[in-house]
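I'd like to ask you about the structure that follows.
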Amino acid sequence: MNAVDYTPDELIIVAMARELGGEYLVSAVTPFGQLAAVVAKHTHAPDLELLATPESGAGSDPWPSISLGQFQGLSQGAVPITMEDVFDAIFRDRFRIWINPAQIDRHGNVNITAIGPWERPKVALVGSRGIPEDSSHLSQMLFYILQHSPRTVVERVDFRSGAGWGPDRERHLGLAGAPTRLVTNLGVFDFDGPDHSLRLRSLHPGVTTAAVQEASGCPVVIPPDPPITPPPTPAELAVLRAHDPLELRRWEWASEVDGLRRRWQEERAHLPLDHPEVRRWR
Amino acid sequence: MDKVLTVEAMVAKVPDGASIVFGGSSLSRKPMAVARELVRQGRRDLTLIVNIGGPEVDLLLGAGAVKKVVYAFVGFEILGLAPHFRQARQRGLAQFEEWTEYTVIAGLDATIKAVPFLPTRAGLGTDVLAVNPAFRRIADPFGSGQELVAVPALNPDFAFIHVNYADCAGNAAILGDTHIDPLAAKAARTTFVTCEKLVPPEVLRRFGRDASILRIWVDGVAEVPWGAHPTGCAPQYRFDLDAFTQYLEAAAEPERWAAYLDRVRQLSPEEYVDHWGGTAGLQARLRV
Amino acid sequence: MDKVLTVEAMVAKVPDGASIVFGGSSLSRKPMAVARELVRQGRRDLTLIVNIGGPEVDLLLGAGAVKKVVYAFVGFEILGLAPHFRQARQRGLAQFEEWTEYTVIAGLDATIKAVPFLPTRAGLGTDVLAVNPAFRRIADPFGSGQELVAVPALNPDFAFIHVNYADCAGNAAILGDTHIDPLAAKAARTTFVTCEKLVPPEVLRRFGRDASILRIWVDGVAEVPWGAHPTGCAPQYRFDLDAFTQYLEAAAEPERWAAYLDRVRQLSPEEYVDHWGGTAGLQARLRV
Amino acid sequence: MNAVDYTPDELIIVAMARELGGEYLVSAVTPFGQLAAVVAKHTHAPDLELLATPESGAGSDPWPSISLGQFQGLSQGAVPITMEDVFDAIFRDRFRIWINPAQIDRHGNVNITAIGPWERPKVALVGSRGIPEDSSHLSQMLFYILQHSPRTVVERVDFRSGAGWGPDRERHLGLAGAPTRLVTNLGVFDFDGPDHSLRLRSLHPGVTTAAVQEASGCPVVIPPDPPITPPPTPAELAVLRAHDPLELRRWEWASEVDGLRRRWQEERAHLPLDHPEVRRWR
């Protein structure tokens, strides 16, 4: 078998895709999360139900979008569901989402709220959004970090937007919403080390265990002879690339501003956006 | 029954110090014409309640109109952090109360269901409970030992919602994601709807279950084309990256921000559309 | 994904002693083919949970299949009282727990929201609180002094729902009133849908928000034309007054009732339609 | 002005109609309740929002039906709302309904659950349905009784399906859901007598105060010189009759079984029932 050419973003997305399975509503917040769901659905997890936006458009086959999520759902005849439907799916554990936190700590607590103290932050981020709901109800909690560093993988998060392991979880939540996976640019991790601590599951090709430890702001449990993350298959790559013709994943990866503008201009040419209501009323 | 009025007249009914819940979500279907009009009329000391807040919260914070923000999220999504929200949080320029997505829903729903609170497990194990004094911890009254979060009722004075279509009686159809808009409409003491287009009631009814806001919840309705701009309003238009780029550049520097606010204060809703190239210019860039 | 099975196979999965929530309301869209099949398979000791119950509860009570009924209402609406419900209540032939319309909704919703209870003021000042031991009285944890009713979570083992259209994956569209069906589908451990007609998924999606039950909540789906008969299923057919008249006459006398039950046990879902004149005969009387 | 011919059922319905006003969702459970709402909407209360069924079909103009409520809503393009929407309207006091209890007592408690003790009733009726919700939230509680007798208007109901006045109300509910009106075949009543007791507001034409007291199983507060219930106007009667061509109100009044059958057969001829989904799928 020939080696397949792939880029680091593609490896990460495919590693994320392989964690998904079963029949769940999968939310589409970020390009990486969206593409992981699309790849999973079109390879090993056909029963996933993808949303076109974070909260609506079930039964569609969306690709990542800067501004067209809702339009895709409408054009594809996706069933418009409500936020309440989404939270019902969260509370009943019929929901999956890949969350991209600003910080994650060795016990899987995550932070998207603030760097520094909450009352007067050094950097005010965005607020906990729906992570408290996810991290108290889902049986699978999936995180990814695109720049594994001591600033993103930390000993203790500055603010717990999502509940990792610790006394609060032991007392009130148990396994409901407990962290299960972390995929970074260096490897795949779980929280099955001693005392529910961060543990390496596989190293991405070419990454060393020393590099993982050095890039982490906390100790990482590293098993002897860790496996290598299997590279993307041709089938996985084909699905991924077909569903991201504008390479929005590269934008999430690198945040190039010019690239955003170009993609914003181009993306509406890529979808058959023809909603009957627009035709009727214009 | 005719509840049609102008956006100026709607906003004129909002006193300083009022609490307002906004519909929409992040860069989608935010009642931006209303937010601009609140700035134009110099409203002060507002309490803003949002689930996924964005440019509407940021503009009002940047105009000094806000006393307090109740939020699960405030940001510009793919465009990054909300500049004035960030500044106000970091410098303590307003009061902030961090909720979560479902607890905002539950707080509104408690008001709708005429109960002082609704219980949830959301928030357990997070620091939201540590920094938000509005919540209480309660025990399951049926003795399971489960601890729960009691979410207090949110009682906004006003709801402002921007929709695709409405009729003169206040029935409103939303074709894309409804976000928290139906809940906000039911929970607020006074609910005002702006719409892209007013249509006759018999046309509005054809939208079936997309007509998700019933007139019994609505106190006034205004036709405001492009009323969500620069956020998007599917399926009519998407968000305007050019307008957001201008906004973010202005917000980065005090003098430019003052000039930006001056322009907001000068332009009526109609002049605002003209400023952005009129319907033709906006459609050329933003229709999908 | 194909979740299609027969109504016989669905009901075979229901053990004696199971708890079942039925969709529909009074004489509308009741899963009657399922109720008949439960009788045919001789199920016993069932707990039935209904909001507005009617013929499905009455048939199962009349067949001796029921241990307990949780209900806000059981009746035949314009046709009067439900004969076996009345008899069983008056003679103590089963256990009965009287709830109210919203508390049944709240009990299902509590399960959906993964909380042990939801609070309401409904029931205060009534004797429902005196006769229903499931409820607790609680105080507002925010100290207003308001007393509330804590409604416990209802955890049905099975939900049975009859809809207009479904696809093989379990997505389901209801064109008329949805009643408690979407809630029942979400709250039950196992949810089975019967439908008038199976359609391809891309056709089902065209129903938009009428597709109110999403496949993630559904474990099996069966095509059962006239599956709500003798109740109605708008817009396909209305309730069958002739069939109800027969039922009520049979219920009035033990021997006739035994014969009626024998017939229920003999007829498969297909034979049942033939018995009533086939599709042509039923349409002639019941289509609108 | 000429005297207008009307029947007792029409007088009752018009008296009920006159109690409705404002912008409320009005439920359609019984022919009398439905027709009262229709008459009100087409005369003095145009802002009422009538439902085609007890829980759905807003924005339609339905008439009473044995089995066609949902079909009317669908055919008329009424907006299908949910039960949750209806209860939200109840809890927020945007809802009105005329309730026809089996028993009502002098303090406005009502019973549709059981005659005799709940545990082993003499007659098991139907269960409290949504009356507990109405009687704890609405600012206007409207009851009607078609056969005013000592068995229907009683000293104390056998079971409180709905909360009238009494210590429980004083303690927990106050005015929320308190009984406000009772219309019977003899007159119009309120609960503004001493200690919130049943009081006559107006006598129907030809009825005496003695007849009211005799027909009641409890004392009724009767003011000196009570007014006479104003008879239906020609406009009210025209609306009423136009919306009940099969005279379903007579059926509710008399419960004639043959009449029910005839009306069930005839009613589908009276509506333009032509739902596109039926055409599409048949």
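Letters are used for the chains, namely A, B, C and D, taken in the order the chains are written, and counting of residues starts over at 1 for each.
As a working rule, a residue touches a chain if its C-beta (ideal position, glycine included) is under 8 Å from a C-beta of that chain, and two chains touch if they have at least 3 such contacts.
Small disclaimer: the values here were computed from a predicted structure and weren't measured.
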To reach chain D from chain A by way of touching chains, what is the minimum number of steps?
-> 2
Once you find the CA centre of chain B and the CA centre of chain C, what distance in Å lies between them?
-> 39
Give, as an integer number of Å, the spacing between the C-alpha centres of chain B and chain A.
-> 27
Where chain B touches two or more other chains at once, the residues are 113-114, 121, 146, 208-210
Can you list the chain D residues in contact with two or more other chains?
-> 80, 87, 137
Which chains are in touch, pair by pair?
-> A-B, A-C, B-C, B-D, C-D
Sites on chain D touched by chain C in the complex | 53-57, 66-68, 70-71, 73-75, 80, 82-84, 87, 90, 113-114, 118-133, 135-137, 159-164, 166, 168-169, 171-173, 176-177, 260-261, 264, 268, 271, 273, 275, 277-278, 281
Taking the complex as given, what residues does chain C use to touch chain D?
-> 25, 27-28, 51-52, 71-75, 78-79, 81-82, 85-86, 89-92, 98, 100-103, 105, 121-128, 131, 146-147, 164-165, 175-180, 182, 197, 199, 210, 232, 234-236, 238-239, 241, 245, 287-288
Touching residues on chain C, where the partner in the complex is chain A = 1, 112-114, 171, 186, 201-202, 205-209, 211, 214-217
In the complex, chain C touches chain B at residues 113-121, 136, 138, 140-142, 144, 146, 148, 150, 152, 208-210, 212
Which residues, counting only chain D, touch chain B once they are in their complex?
-> 23-25, 46-47, 49, 58-59, 77-81, 85, 87-89, 91-92, 94, 137
